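In what follows, a single structure is set out as structure tokens and then discussed.
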Amino acid sequence: MAAMNSPTALQRFHAYANPARFMALSSRLVAPLWILSVLVLGAGLWFALFDSPPDYQQGETVRIMYVHVPSAWLSMFGYGVMAFASAVGLVFRHPLSDVCAKSAAPIGASFTFLALLTGSLWGQPMWGTWWEWDARMTSVLILFFLYLGYIALWATIEEPVRAARAAAVLALVGAINIPIIRYSVVWWNTLHQPASVFRMDGPSIAPAMLLPLGLMGVGFTLLFITLLLVRMRAEVMRRRVRNLRLATAGAAAEG
Amino acid sequence: MTISELSLCARDLACERGGRLVYDGLSFSLKGGEALVLTGPNGAGKSSLLRQLAGLLDVTRGEIALEGGDPERTPGEQAHYAGHLDALKPSMSVVETVIFWRRFLGSIPQGAETALEALGLLHLADLPVAYLSAGQRRRLSLARLIAVPRPIWLLDEPTVALDAASVARLLGLMKGHLGQGGMIVAATHLDLGLEGAKTLRLGAEVAA
Amino acid sequence: MMRAFLALLARDLRLAVRLGGGGGMAVFFFLIVISLLPLGIGPDRALLAKVAPGMLWVALLLAALLTLDRLFQADYEDGSLDLLTMGPLPLELVVVAKAVGHWLTTGLPLVVAAPLLGVLLNLPGEAYPPMMAAMLIGTPALSFLGAIGAALTVGIRRGGLLASLLVLPFYIPVLIFGVGAADAAAGGFSGEAGRQSLLLLGAVALASLVLGPLGGAAALRANLR
Amino acid sequence: MDEIFHMGGYAFYVWSAYGAAFAVIVALVWHSVADYRAQTRLAETLEKAAGGRVRRAAHLERETGEDAS
């Protein structure tokens, strides 16, 4: 952010934020990104499923980790992207950052849902329960709610600029609130039941597991970026459609 | 059934709104091909009379009778009522709106082009209603009159938000409707220029 | 007449899908209420399992109530309701179409979401089938009874709250028999009590299918004219 | 090969997790791409309908900027 305060950086930022330039640039990036994502994910999957050892405690279920952890990572990364884009949108008033924030939300929400779901499928064989109101799971669930609220707000307000401002405020308040929620939940949970029932931090990761986990993490992130670009392109087109329609109605009124 | 044999009669009609007698002892009769223009100051009951004719407001006293129409249906079900509210949904497109009216009001399966053409909205057919201007919304609302054939038109200030060209277009449609033996009851401040239209001045009855 | 009925139903479904809000918002609310429960009473799994059927039903009722004001209010405000009364379709069938649309866009999504939320509350596995059956039978009653409340309060400013107050007493039988069906299964006693609850719930639902359109149409007439 | 699908007795959980991940990601990809295609097609039809009246270049400049006013 600090670098953007210098005039040249700001100009460059605005140049890239120009929708026409964005469309031109992103159209060249999308196809290679798809290929790269699929390749990395394919390699990751191979190691995750076939070429990594079972855990000595958790057995084969540890393979769930290779989709669970990257999903959980993206759930936070997605919110980070959304909050950062919202802040940029509020400060610089550039519509492309609103587009970015709006497009990141459904992707982040999907991966948050996936993190919850795969966590549940991991929890049942390991802890004997599909769901436990432990601090970490509860705060991820609340993060999911924040995503849903953000998406609902966008869907409710018709006019894009007004919707973008309101949604940006919500995303930023949420960003400040997440650590507070997290700590309150930890405090709440330890108050009611000892934290010793189970913990997410199992044995430290063996190097043989680090490779598939890293590959999957990179693959998921690449996929996130690709999806973000595609959704942003769709959003830019949606706004073009909106303006064309406004122009059609306006021209009809003149003629 | 030829609709020119129709006649709409109101006998000794009264309307009470919120404990206040808006009008009383109001009578008129209208034959197919005739128009009735309601005039009078605000609050004289022009809108109330139209809503009573449409069956949207209870009749305090008196009766409304439609002779020669479909005996199975109330007068309101054989009338179009175009009030101040345009009954449009912003997220539906122009053509979807008209198709819905045709299916719901007239059980007519398809075809909306004639109505849109008549009101000069055909080129906006696929546009969502949210993008329309006030005048375009008004015209779409009035497209109902053409989309579903009904003998009685009840129009409450139909020219509001319309420009001169659209008013002329509406007038043409109204004349066409009368020419086919339909009836029009319209409340308006503007002189519509309908030749041979009867005039009913509201507000005078209560004062007299 | 059938064509008019289907046209109205199709329009309502289309509007619900386009506006997004509606059913999605109700499911979201359902989810939030259920998640607040453990935060309020603590993450004790045994306790949660015990209260799960009742809480799922209460939250489902609240979520359904939340969406009632959309049933007629929007059509009233833009003048569409006037037109709906002027069509060939009897007002009773207009209410049926609206209530069916409401159930498809709100009741059904809530029922689909319920088992997921059951997991959050540690609902015992054997309680799922009777609970789902009870919800599938009971939620149409919520839409049809809710239509009466929505029709009674149409045109009233902030009528949504009033509609909730009016409708809640009518929801009580649905709640009692609905929870009864799931509780009987969760409690482990024989299927007899559960089956009885389901039958009674079915009777309530059938009665509401008649009562809702009649009451709703009468209320609309009283309010509009 | 069998033991891989067996997953040490945890096949249901492991394959469900991967299946769910696959389903969610495919749905997300499909929705994103379909939305982009639909919007692009819509914009093209509208541009064609608008014809020479509004030039495309002008639109590219203000397509999102205009709303900010």
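Here are some notes:
Labels A, B, C and D are assigned to the chains in the order they are written; within every chain, residues are numbered from 1.
In the analysis below, a contact is a pair of C-beta atoms (placed from the backbone, for glycine too) under 8 Å apart; a residue touches a chain by one contact, two chains touch by 3 or more.
Only a predicted model underlies this, so the values are computations on that prediction, with no experimental measurement involved.
Here the largest set of C-beta contact pairs joins the chains A-D. When every chain is reduced to the mean of its C-alpha atoms, the one closest to the centre of the whole protein set is C. The greatest centre-to-centre gap from chain A, using C-alpha centroids, is found for B. Mean C-alpha positions place chain A and chain C at a centre distance of 33 Å.
Here the spacing of chain A and chain B, counted between their Cα centres, is 54 Å. With centres taken as mean Cα positions, chain D sits 15 Å from chain A.
The set of chain D residues touching two or more other chains is empty. Multi-chain contact residues of chain A (touching two or more other chains) are listed as 245, 248. Residue positions of chain C touching 2 or more other chains: 19. Two chains count as a pair here when they touch; such pairs are A-B, A-C, A-D, B-C.
Those residues of chain D whose C-beta lies close enough to touch chain A in the complex are 4, 7-10, 13-14, 16-18, 20-21, 24-25, 27-29, 31-33, 35-36, 39-40, 42-43, 46-47, 49-50, 53-54, 59-68. Those residues of chain A that touch chain D in the shared complex are 19-20, 23, 49-50, 54, 59-61, 63-64, 67-68, 71, 93, 95-96, 99, 106-107, 110-111, 113-114, 117-118, 121-122, 124-125, 159-161, 223, 227, 230-231, 233-234, 236-241, 243-245, 247-248, 251. Listed in rising order, the residues of chain B touching chain A in the complex are 90, 123-124, 127-128, 130-133, 135-136.
On chain A, the positions that touch chain B within their shared complex are 158, 245-246, 248-250, 252-253.
Residues 120, 129-134, 138, 141-142, 145, 148-149, 152, 155-156, 188-189, 192-193 of chain A touch chain C in their complex.
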